[in-house]
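Here subunit A shows up in two complexes: once beside subunit B, once beside subunit C.
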Partner chain A sequence: MKSEKSNSFRIIDYLLILMMVLPIVVLITIKLLTNVPSDGINVSGARIYFEIPLPIQNLLITESQINSWMVMISITGLCLYLTHGIDVKARNKRQHLAEWIVEKTDNLVKGNMGEYFIAFSPFIGAILGLSAFSSLICLFGLYSPTSDINVVGGWAILTFILITYYKSKCGPWVYIKSFGDPVALLAPLNIISEVATPISMAFRHYGNVLSGSVISVLLAAGLQGLSSMVLGWLPGVLGDIPFLQIGIPAVLSIYFDVFSGCLQAFIFAMLTMLYVSGAFPMEEYFKRKKNKQTKAMSN
Partner chain B sequence: MKIAIAIILGCCALGAGTAMIAGIGPGIGEGNAVAKACEAIGRQPECKSEVTSTMLMGCAIAETTGLYALVIAILLIFVAPEMFIELLINYK
Partner chain C sequence: MQTLDVISVNLWQILISLINLVLLFLIIKKFLYKPVRKVLKQRQDEIDNLYNEANTANASAQENMKLWDEKIKSAKSEADSIISDAAMKADLRKNDIISEAKQTAEGIIRQAENDAELERRKAEAEIKTEIVDVSAALAKKILEREININDHKEMIDSFVNNLGDEQ
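Up next is the complex of A and B:
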């Protein structure tokens, strides 16, 4: 099997792996170069790298933007690597992995949204992957873009646009009428709940990731203080090394970074699916379609 | 001036602490949800995966109110004091 692989095939493989790894390396280098050493508890937002002057407001290029773009490039490299040299008959492990991912996403979308929305599967997969990898990037010590509300807010607005599009698919009149659903008196409440959907989605994701990072910073600072109190009697340099910081934050990091990040990605994708499929008045839409068809036939 | 800034800082910390009382609600709610999910799995172990994913969904949604409180608390601790102190300095 190995003899079938030509030399150029392998070179492209290595290039794709490089495309996966290089953005992370670049980010770590940028972080190391621009890092400002600070002592004590330091919880800050995304660092602003530079500004682009624009007429209304300056466009800020922040850490979270650069990080999320790098994550996107990295995921693109991963996808290209997994699907490179794909064949009708699955021969290598990565094709099995790619097929497994696609099948799982398809099943997830089919199970939660129905057959009609199967075209949503790439979108849901993209949201899942981007969100999960953006949260997991903090394992490299980088600023995770999902702990910035602007990034997650953008995704939530995207979901909101989709919801509105599918709600108004039967025409604008049906969309407006859906607000006074049980009684017309409840219209203000319905409008508030409509606006609250993207806000709550953004806050849920961002709050979970941010609370995890804040707790890790507090824990690291606390352990430093504790170890200098307990082990401070050790002579010389030994007393300054925070021994208690070794290992203990990693245990919490499994929950706050790995589990919570993946769970929030799953929940964000899940909620997107549920809201979009719930917003679409399917029976009404097909009834109208049928009526239109019969009208066209009779004419 | 110093007293005013001290009052602002203290009140922000108090407000953040008070806001996090909202953590009680999601705690009780999620506890209930997980307890019921455990019961359901005990009764029907074959649908464990479905119950688990539904439970995680429900937990995430029940957590929302707690997270609102958390966001408010974080804003009160890290953002609000600087803003209020700046306001106070500019006021004079």
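Up next is the complex of A and C:
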């Protein structure tokens, strides 16, 4: 089958692979070109590329925006590559992967939210992909957009909007009444917990990723100091090489960058699913729908 | 180059990231989930079709098998009846032939017996006349005198007849 592929098919394939890889390469180049070597520990937020004046607050186009757009382009390229030449009978690896992704997210959504929310599975896939890839690009030495509170905050607010939408699906009165549950006295606490949901989600994700990178920076600096203390007696240039920095940060980076990044993406997706499906009073909604239908029938 | 503080909230950035997520949701839905779902559905349809075809083929095969079983059974019984018929006919025919043969044989035997009886009678009569002639000639020679043949013939005849009877 592979030898029968036409040339145009291959060219499109290469273009799609380029679409996946090129954004990352561009980001690395920008980073290398604008990098300011700094000594010591320097923990700071995203670098600001330029500023657009807008009402209320100026829009700052920073590393996190550029990086997330590039990640989105990469993911789009990946999707196009996986589904390029998709066929009922052709069973190649990339189609397996595409089907695996779709089926896994479908099962995840079905298992956590129920059959009614099956339309959510691309959304959950988007959260998982964007969050995981945003965290993982720090493996290339790039700034993770997920360690910017604004990026994760935007996602959390979207989740909050969805929660509120599903909570008020039975009408505003049911939504307001749900705060007085189980006792009207608890209404302030309920409102606080409602508002706390997106904030806690955003801070959990952002804090985990940021703390990972902070620990990485601290560890690198610490190992440099330790190296010069322990191995400083070596003659000549050997004494200046921080030998302890070889290997150890990489091992820890597997935990802080890869594992923590994927785990946080999964937790964020999981919480989104649970909150949204928990907010929807399904029985009440279907009861009302049925009542409406019977009323319409009797009229 | 300027950097943001570690925690700095910017409404427009939040809005942009919100829109980013929605955009990526739409992209993934259009470019990954839609084609994959389509293919999965097509495959499911194909599988369903194949199963249906297989089921109908199986059912028709079962029906055919039943039909042929019945046909074979009826053919067997037909063959049995044909064989038994033929055997019966053959039996009858055999008996006929045997009895016919017996009759013919009996006829032949009777004929032969009759023929033999007639032959015997004939031979007896011939022998009688011969004996009569011989004995007359003998008596003529023995007695050597004129004898009236006619006188003695009666006596000899009766003697010879008695002789034949005594045999």
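Annotations
Everything below uses one rule, namely that the second predicted complex is superposed on the first by the 295 of 299 C-alpha atoms of A that agree within 3 Å, B and C clash if a C-alpha of one lies under 4 Å from a C-alpha of the other, contacts with A are read in each partner's own complex, and residues count from 1 in each chain.
In this text, a residue touches a chain if its C-beta (ideal position, glycine included) is under 8 Å from a C-beta of that chain, and two chains touch if they have at least 3 such contacts.
Since this is a predicted model, take the numbers as computed values, not measurements.
Upon superposition of the two complexes on subunit A, no clash is found between subunit B and subunit C, which fit side by side. When the two complexes are overlaid on their common chain A, residue A:V276 makes contact with neither subunit B nor subunit C. Applying the stated contact rule after C-alpha superposition, one finds that A:M113 touches neither subunit B nor subunit C.
The larger set of touched subunit A residues comes from C, when the choice is between subunit B and subunit C. In the superposition on chain A, A:L82 contacts subunit C only, with no contact to subunit B. Touch criterion met: A:S200 reaches subunit B, while subunit C stays clear of it.
In the superposition on chain A, no contact is made by A:M70 with either subunit B or subunit C.
Once the two complexes are overlaid on the shared chain, A:A46 sits against subunit C while remaining clear of subunit B. In the superposition on chain A, contact is made by A:F266 with subunit B only, not with subunit C. Of the two partner chains placed by the overlay, only subunit B lies in contact with A:N208; subunit C stays clear of it.
In the overlay built on the shared chain, the residue A:L142 is in contact with neither subunit B nor subunit C. Taken over all C-alpha pairs, subunit B and subunit C come no nearer than 7 Å in the superposed arrangement. Residues 43, 210 of subunit A touch subunit B in one complex and subunit C in the other. Here subunit A touches subunit B in the complex through residues 43, 200, 203-204, 206-208, 210-211, 214, 263-264, 266-267, 270-271, going by the rule given at the top. Remark: subunit A residues 34, 36, 43-48, 54, 56-60, 62, 64-65, 68-69, 72, 75-76, 79-80, 82-83, 86-88, 95, 98-99, 101-102, 121-123, 125-127, 129-130, 145, 148-155, 157-158, 210 touch subunit C in the complex. The part of subunit B that touches subunit A in the complex is made up of residues 56-57, 60, 63-64, 67-68, 70-71, 74, 78. Put simply, subunit C touches subunit A in their complex at residues 1-25, 27-29, 31-33, 35-37, 39-40, 42-43, 46.
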